[in-house]
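First chain A sits with chain B, and in the next complex the same chain sits with chain C.
The block that comes next holds the complex of A and B.
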């Protein structure tokens, strides 16, 4: 027993000594909640950081700092020189990239964030139309903490599946896989608000094109399975058969939510390559204008057919667009790699093949129910 | 058959505890980042490599138990002395002690590296090393039964980490596993070979065997322990392959910990920080068992007291942890140690078994002859 006590006495000081480690007390650190990268004028990298300083007595204050240096750590040091508090990145939630930078190459920025153990893999990334600095520095009337605001904005849109999700993990996953390219939301300032305005398509680490925010719905259903969300569509006259279309109008607007979608990709011909893309969607209709009798199975069938036609048209358009810019954000290449043995696929090789890829889109749409009032 | 070990029942352990000993000795620092090494060779078939390595561990263990059964109540050191004679046997014993030393050192140094990278970059290696060593010494002085107890608690208390693997599943793509068996047999076997560093530990059976009360029932718990380890490695590997894309997995050094970095709860935002700290509990039985194995060998060579030995051993380990500082050095040691361990653990026991059988037949014939004449 005595012997054990002796060891215990040695152990205890060590346990206490761990208290002497470098501490990061909340009042004494500045929490970086958002970082925006731009192309610098003189140096390589211009960084705009939104730093939240917590004060125990007063309301916490938000500082937006722009610095220019060659590395992101250099920028952190420079920001440190300008603030009374130590800057930490553990609470970082969003990383933004200026459009020019995104069009150049993002590889370096993805890697630095992956390398740093204190950066969470779940942070969101997005591209800013124009430069990040003016977006962050603008004095919004109703937004107190721009960092938190943008984070919440992206988070809620992703959670409700209105926007594609682009966390650091997903971006790095797509960037480092041979058969898939990454995509990010685009945000911009709209008056006194910040808005998600579209989807950026990348080829490797370079942004090559963008799609509108409305198209992000189609991107989502082709990219993965889809669970909730809301969508509205305009059915043109040529899509709808004349039976349910009233004479006075020449289009039907329709909105649906509670969408369950499932996509299935099948490689039918490895040489071209040619894919079958089957998409199954079940959803609830919220709004139809002009009124259509949804109690009648026949007109429901016709409406479903019309939506299917409309959707496959849109999907074909989006895929064709992505092929034009050689950005496979849907992961057709992953499918190709997983099916074709010994393909020795590389990203460049796939981009070449992707241009000539053929896709047969087939959409199946089922209206499960409508609201409480017919 | 000379120097069998005589023990009083109060020093012995029940056979079923071997499940915890074997499993506790296997799972350690290797699992934190073994995916990358295997993936380099076997690509999406890496899980097959893991499976093969698991099967190999079962085969080797089978041979080990066979060898030990020939001798009744003796450990590896005694067997080596018996088969190879005093001089060569003792040389091999010394080498085995050295092997335990390197294994111990490599576990400790790898864990310290993880702490320094993930949690406290500014903390000194010597400080972490000294703290961990004192805990291990503390457990060691309690004797074998305490060490076995530590293994038991280490497993029971860390079981909850395993279900955490289901969180990354949300982002998993099963297609990453396809096409199955695209890589040739050679690269899959090479991947299995790279598993050595991660899967070793079950060789502790060679040393602990005489301490088991009911030796007849050894087989079941040991093989179950191995099976459980293989199952855990396999699931970690599957989740990693599907969660990461090929390029990303090759660049992630501690893939298991990075898997956890995605998980966050309302009350704890960065789960991997908890995991890294909690890992101490997982590696302590590892280190204790290697230390104890080295001690069992040392008392066969020289007359040394337990306390003296443990302080000496720790002192050398401590010096080594201070000397080896950079990642490159650590990686080099891991690779070299993995290669050595492959021969020590996967080749040598089978050889030893054959030699033991030959020797047994030879001596029994001789005895038979002596009786006849």
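The block that comes next holds the complex of A and C.
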């Protein structure tokens, strides 16, 4: 029993001391769901935070606060002075960057968020056309919580594979690995709605260019496998042989969803460097306008050829564009580094090589199904 | 270090036993007057002691209502009146009752007297005839209320030892069913029966159990639950290490598995041991259902156990410390339902758990006629009103109700009570230390369970030590051909229940 008493004497202080740790009771904290960073005045950081507060009086409301300070923690303290609840970032889902800031350098922001243990690595990152503050502060008619709305918007498009995925984890990986550059979605306000308008290309931590939202399909196809996405391609007259083209039209619009895509990257010449990029897509045609008789295997073959041609053209164009701005968002450098021994590749070295890289794009497109309506 | 309660220790009080020895050697008096006097003083002259004289020299002594009046009148008094005899031998021949013995010891006479025997003394002989004609007044056999099941026998034990044993003998018609009679309790002299199957049950275990029972030095034993607590391996643990059941079919199933059973006279619950932790979550009904359904039900009960123990602490910890883990879709409803509550989550949870426990206890204590009112009070008045008054949040109410519901699924009421209790320290730990506290509690409970034994057999078997064959009939129930082996928990002498047949004979 004496031994037992000694145990208790040790245990009780533990209970009391550990009882002193700080609590974050859910209804006592203001939950930051989205943070937007902008360039502020006098080299300061301007932070716009979307904070959800729950009050007994008015159920719940969303507060959008802009503060300017030297550090993000300083910004948080300043925001704390304006709110009745402690601000916490554990429920943050999206980080937005203003265009000016993105063109400057994102290194600091990636680091701070990565180092913060309470920030999830699955948060989405995106660039805003213009500044973030006006986008977030605008009073949308039908959007109650802009933070959640943007999160769902990005999440939904990423899941549907319409847009490239840029979580903090992926961004950090791309940023710190030699031979790959970042890419993030671009969003902008379109009237009463928020829209994903394109893909931002980065060189190191700097945004150097952008691609249109339509091109994000090709970016995805080259970057990784594709499973559920829907895409609409416009075949120009010169792509399609005249056999299946009706006289009156000079283009065919075709919508398909890829059932499965596979890409294979092969380094064929390390000196140039030169890559073979083979892309296999098996898909299902959903709509063709104007109508083409898909019951005829010949015309299906012709259509497949036409799409292959069109796609390789687009992919070549996009890769060429990324080479021009020296942003290897596809990860050719990673492949190079993994194949060539003792390459001692650095970011700068690869960017130099990337400019002169040659890619032979080969697309194989197979129409597996063409609808059941025939 | 193992904790033991003092009464578990062997306490042979020798100096007390010596006068008892002497007392039991006192002989029956020769003359009737002396004999009556000695009986009266030995039994403290109770009001229901009846002394009847039958000419020429016979005296009957018995205690009213303990003996069967009809037998006494028809078989003893009528016979003695019709054929007056004068020697004990002759009287023994005359009386037509099955259990009649001669004795010349006073102690034995008095003991049988209070047990419901009639004592026949013949003037001038230093011995008496003791005829056992005790009434067996007991409740009629009824359905087991605490362990009801849909499919299966609907008969439960009652409070009579002889009835209970006859029930078991109906199930197990075998001469190998051993029945040892033991008496414990210096004042109550309670009869208990130790039952096991000869040829299956492990001798060492039987000896251990017998020794544990005979080593007890207590003055009273009124129920088997008390006995179970005293002969447990670790009486200080909240977890029961022996099963109490009121189902004869479950009892027999355990006996046939090589376990030992103890039945206490006057108690409607039988003790089964050794018992592993997972076996407390078995119901006898599992044997009567198809194996797929039985497996589902067993897993459901296990899930209910975890849900019941950890759901409320999880809520408390998540809302108090770890708001990060709350899914985004759940964030708004959860925080809105908590917005009106003025208490911290731990207090809120403890309050509601306390209310639920109060309702449960009140429901158990109230007569069934008023019991329904409790449902209304609990469900409508406290549930809805507490939320509307802003004392608790809706979501917590659902969680608490769910965990209360889950704790009722345990087939053993004893284990259900444990689930009910261990929730509270975990809630407090969760409220102080968050998920660390929950993990601490989990580890503590796990380590505690791993250290327990039941009659020397590992409590967490078949998981620790891992016994793959036994897992076929633990959390899941495989088809009967695959469960031909007896559980090695009991170390049975005969390992196979039957010769296992291949499941698909044509393939092998």
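Quick note on the criterion: the second predicted complex is superposed on the first by the 349 of 374 C-alpha atoms of A that agree within 3 Å, B and C clash if a C-alpha of one lies under 4 Å from a C-alpha of the other, contacts with A are read in each partner's own complex, and residues count from 1 in each chain.
Here, a contact is a pair of C-beta atoms (placed from the backbone, for glycine too) under 8 Å apart; a residue touches a chain by one contact, two chains touch by 3 or more.
No experiment lies behind these values; they were computed from the predicted model shown.
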Task = Would you check which partner chain A:338 touches, where first means chain B only, second means chain C only, and both and neither mean what they say?
result = first
Request  = For A:271, select first, second, both or neither according to whether it touches chain B, chain C, the two together, or no partner.
outcome  = neither
Broader residue contact with chain A after superposition on the shared chain, chain B or chain C = B
Query = Which partner does A:174 contact after superposing on A: first (chain B), second (chain C), both, neither?
reply = first
Ask   = Just chain B (first), just chain C (second), both, or neither: which does A:25 touch?
value = second
Query = Looking at the overlay, what does A:9 touch: chain B (first), chain C (second), both, or neither?
reply = neither
Request  = Scan A:88 for contacts with chain B and chain C and give back first, second, both or neither.
outcome  = second
Key: Intersection of the chain A residues that touch chain B with those that touch chain C   = 3, 21, 90, 120
Chain A residues touching chain C - in the complex, by the definition given at the top = 3, 15, 18-19, 21, 23-27, 29, 31, 52, 54-56, 59-60, 88, 90-91, 93, 118, 120, 148, 151
Ask   = Touching chain B in the complex: which residues of chain A?
value = 3-4, 7-8, 10-11, 14, 17, 21-22, 90, 114, 117, 120-122, 169-170, 172-178, 180, 334-335, 338-342
Request  = Would you pull the chain B residues touching chain A in the complex into a rising list?
outcome  = 117-118, 120, 122-123, 127, 130-131, 134-135, 137-138, 141-142, 171, 173, 175-179, 182, 243-248, 250-251, 258, 261-262, 264, 269-270
Task = Spell out the part of chain C that touches chain A in their complex, as residue ranges.
result = 1, 318-324, 326, 328, 331-332, 334-336, 338-341, 344-345, 432-434
